[in-house]
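Should a chain be cited, it is by its letter among A, B and C, assigned in written order, with residues numbered from 1 in that chain.
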Amino acid sequence: MEPEVAVEPYQASGRKMHDLAGRLFPICRSITGDGVRETLKILSEEIPLQVIEVPSGTKVFDWDVPREWNITDAFISNAAGERVIDFRQSNLHVLNYSIPVKRRVSLDELRKHLYFLEDYPDWIPYRTSYYKEDWGFCVTYNQYKQLTEPFYDVYIGSTLEAGSLTYGEYYIRGQVGDEVLISAHVCHPSLANDNLSGLAVVSSLARTLSERNNYYSYRFVFVPGTIGAITWLAQNEERARKVRFGLVASLLGDKGAFTYKRSRRGNTEIDQIAEYILKGRDSRNKIIDFFPYGYDERQYCSPGFNLAVGCLSRTPFGQYVEYHTSADNLDLISAESLEESYNVYLDILSTLDQNRVYLNTNPNCEPQLGKRGLYSLKGGNNDAKAFQMALLWTLNLTSGENSLLDIAKRSQTDFQIIREAASRLEECGLLKLADA
Amino acid sequence: MEPEVAVEPYQASGRKMHDLAGRLFPICRSITGDGVRETLKILSEEIPLQVIEVPSGTKVFDWDVPREWNITDAFISNAAGERVIDFRQSNLHVLNYSIPVKRRVSLDELRKHLYFLEDYPDWIPYRTSYYKEDWGFCVTYNQYKQLTEPFYDVYIGSTLEAGSLTYGEYYIRGQVGDEVLISAHVCHPSLANDNLSGLAVVSSLARTLSERNNYYSYRFVFVPGTIGAITWLAQNEERARKVRFGLVASLLGDKGAFTYKRSRRGNTEIDQIAEYILKGRDSRNKIIDFFPYGYDERQYCSPGFNLAVGCLSRTPFGQYVEYHTSADNLDLISAESLEESYNVYLDILSTLDQNRVYLNTNPNCEPQLGKRGLYSLKGGNNDAKAFQMALLWTLNLTSGENSLLDIAKRSQTDFQIIREAASRLEECGLLKLADA
Amino acid sequence: MEPEVAVEPYQASGRKMHDLAGRLFPICRSITGDGVRETLKILSEEIPLQVIEVPSGTKVFDWDVPREWNITDAFISNAAGERVIDFRQSNLHVLNYSIPVKRRVSLDELRKHLYFLEDYPDWIPYRTSYYKEDWGFCVTYNQYKQLTEPFYDVYIGSTLEAGSLTYGEYYIRGQVGDEVLISAHVCHPSLANDNLSGLAVVSSLARTLSERNNYYSYRFVFVPGTIGAITWLAQNEERARKVRFGLVASLLGDKGAFTYKRSRRGNTEIDQIAEYILKGRDSRNKIIDFFPYGYDERQYCSPGFNLAVGCLSRTPFGQYVEYHTSADNLDLISAESLEESYNVYLDILSTLDQNRVYLNTNPNCEPQLGKRGLYSLKGGNNDAKAFQMALLWTLNLTSGENSLLDIAKRSQTDFQIIREAASRLEECGLLKLADA
């Protein structure tokens, strides 16, 4: 017999997350195509992703899965045949989902197809045209100003053909079938915070949870924004309706404080826990109400699903100047921020997982703590008795309507102390799980 | 064949309202009698009022319709036979509902029947004694001081006889039978703000609504205060119980900010809309809770009816010094104030009429706005997108529990923008009326 | 026939309460034993207490009634045979529930059994060891410092034997069987505020209520803290579950403002009334939320009972420096404070007793107050009309969902004025009791 090999437990680190983002950065992603496939393949080295292909034309609620887009090259060249704008320099240069083009155009016509940011003359903006056939180039303002020749050759070597939309999914079975959904969008090209930071944090989180004994089951989905989430919901409608809680993960590498956007329902357990953890960590963290814009919480919280899914980011979308520009690069995100984001997610999910409802088995009057070694000492002892108070609160409030978080909040006691009190009382037989 | 005569649509104006108040001002009204009849006849020139006579002695809940009071003349004359107090100068001079009197009295006795305001020596107070048989004169303090002769002749040429109580009613049928009640009291003699302003605003409002295609049906009642409202409720008990919303209109011609007094139920749709409109117009406008005193909301909000009826005035009763005195005259009310009051009422009623509940016909995920021409342009466009946000909010919240006002409030978007968004979505088949 | 002797009604006074506390002060009480019996015997001179003995070993929920503790003498004597610590000087000197001891101990060993307060060198602390067998002495810090000899003789003349736990109960039958429970702990030795003040106030209160015609039935229990309340609840389980309201009385003789600790349910009628009365009397009075520590509200509010029982004290336990020391003596409590506490309790209980729900028998529109002599006079009278407003509020809100307190609060009118209005309206037949 061979000796067993000791498996080192996975140790998440911000450095690993940043490295992963670095590997993914150069890939030209879109809502379909090989960029998504390559991305999911790299993530599969971390976690055993199931990769699903949904054919173009598939009806997904009010939408159709679009034709698949791929691109190999693109440029604008001048009369001298020099590439003055070159896709090989940055995949942001091409309007994402551009139709193929190869022709000579006047400067006037070209300008109708150019996007730039006058306020940030060295940055390339990120633009898309998924559902309206168009072509275009995104350039820096400085590049734009140098386009002065009367004619240019434009070339976009893209294809828009029947193919499929690709997404990845990873499921960890827990003690119960009730699912927690973690969703990240996988469709943005070379943008680091939006959303390689999300992919890096979520894949580390998935790997950590895969090695734990979880109460809930966890499902991680890596989907193209909007159409990908809609496709997942359409293809998994019955299962999706049973998602008990969820978080949409994005923008997790910058230095800003956290913002949690509540689910449409607004006060579900995940909403309460996210608020409890974030406010407990840093008063600058913000909790905001749901609004029907942003990331894929728009779909998860559409009225037909109305799931208990919030969105947890650092600085929210559109609120930092580098958002959707070439300045959202690997320098914008840091290993420290990624690791802190990972810890916050883990803290929230761990609290959720432990937030059970217990029943006091001896509800008539207090039980005699002393005979079970749970009562400190003599009466009149005015020292700090935080743990004894935690025991008393837990006994008093375990009448079926309060979770451990409810008890922690009502008693203004840290959740982990209440959790510990509940464990001690359960060991003594004074508590039992309400759903056991 | 005669050519059709183009009918000019009615155009409300503060000037017309003030003129109407001016015509009504000289009439001596009370809770019964010819003054009310004459008033309703003049209002009938504006709107086709139905005039109802309820005989004296008719049992109306805990009350009986009183004997009818009429008066032709009244005076106090001195030893020289000169009228020192003369009803022909002001109908306020007579204690309203005074019994007939003709005799010589000593100054001492006379003084027991005199009412005056020491603080406002030129103003005549307005006093009534509907249910206790009495006679009296209301005089200025300056007049009072000049009554120094030992004896005076008093004459009140009134009658108190079996007759009837008179009220007016006007009904505009809407798409549904659910009724909105607008009530104004019609019993005060020569007092302009209280309540000729109410009669003027309400009759203009009725005329405007009569030319519209309304969702709700509207019922306008012009009733003597207290006993008139009680009589209307008693005579129309079953119909009254079905009144869905209502407003009591009074004190609408002065320059003060508006005060909306909530219905007894406190948070009905009319309460919410009145607050929304008033606070949206001017932060000085006030919203106050129901209390069982004031105008006929006392009756509509008695516990047996408990209707969703509020009271909307400018300066509330008793809170301006001219209240219930001869200084509440045509100079106290202005065309501008009347017109603004009219506009506020119309705004509230229009909002109420349009405040429907819609259902999203495509509730699973967002619909594809682009293919219906509802999506502006490319992603990443950070320009103002108020209308697109209104579309998204409306789609997200039309799950059956929210009216358009609820959506406007939750999204902090103007009601009319949400209304417009709902119309566009309804045209595309993405929304339908919940009660259709 | 003998002439009837006129019985003077009982007149409570702070002086009598202080005198009673003075009689009870010297007795050495504990959770069992003759001290409690002697205390209840003295209270029986005021009110006809039923005294109940529950044998040691009786199972009371999770607990067992302990062995009975009695003590006759105790001391520490020095080599010269002098009593340096003497139970006869203060019964606080002995650790309450000490096992019997008679032996010579080294100073080192003795010190392990000594309790003192370094910060208050002349005060003796109060300590107990009910459930862990131990012995000890409580001494002043000055005494402690003088214990310098190498050996001392210790003697504790106590017994711990099968016997019983003793409590007292007094029941006053009211118009209905629904019970109000007043509970005071009777187990502390020579401590005046905690809780001879409670015994004095509660026994005066009981005597006063015994001479009234009450709506509710009242039950007064004088029980040893914790184990006594648990015993009472266990022995009277079915009756206890029906307790409709209750108050735990303690710490009622000091000069502090009142603190009402809400029941676990938090917003029951007794909670509302206590808050209404206390806040109406003095804004310094405090209302705090329930927490599972303190006096016997811990047991009454355990989740299995969850009774509407609050705790009303002056300065709360542990928040005054004399708490559980020899400085909590008869000088700490005053006749004025006791009498004021009595008045507050009586006010709360009287309000509770009168806080009925009435129904308007004429709910459609206002009734005609004038024909019943309830309407003051003419219209336009702007004088204070508090009582008329009270009548109108009471008529308007007696639709079945409001108690008189609810009406008082909503109308911002004193409860007694609303009470008076309801009486007048009931006399006229305009109101009837909802449960009649």
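As a working rule, contacts are C-beta pairs under 8 Å (C-beta built on N, C-alpha and C of every residue); 3 or more make two chains touch, one makes a residue touch a chain.
Bear in mind that the values here come from a model prediction, so they are computed numbers and not experimental data.
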Neighbouring chains shared between chain A and chain B, ordered by label: C
Same or different contact residues where chain C meets its copy chain A, judged by the half mark: different
Relative orientation of copies chain B and chain C, as a Cα rotation angle in degrees, nearest 5: 120
Centre-to-centre distance between chain C and chain A (centres being mean Cα positions), rounded to whole Å: 56
Two or more partner chains touched - positions in chain B: none
Residue numbers on chain A that touch chain C, as the complex places them: 360, 362-368, 370-371, 375, 377-380, 382, 389, 392-393, 395-399, 411
Complex contact set, residues of chain C against chain A: 60-63, 95, 125-132, 134, 226, 229-230, 233-234, 237, 264, 291-293, 298-299, 301-306, 318, 324
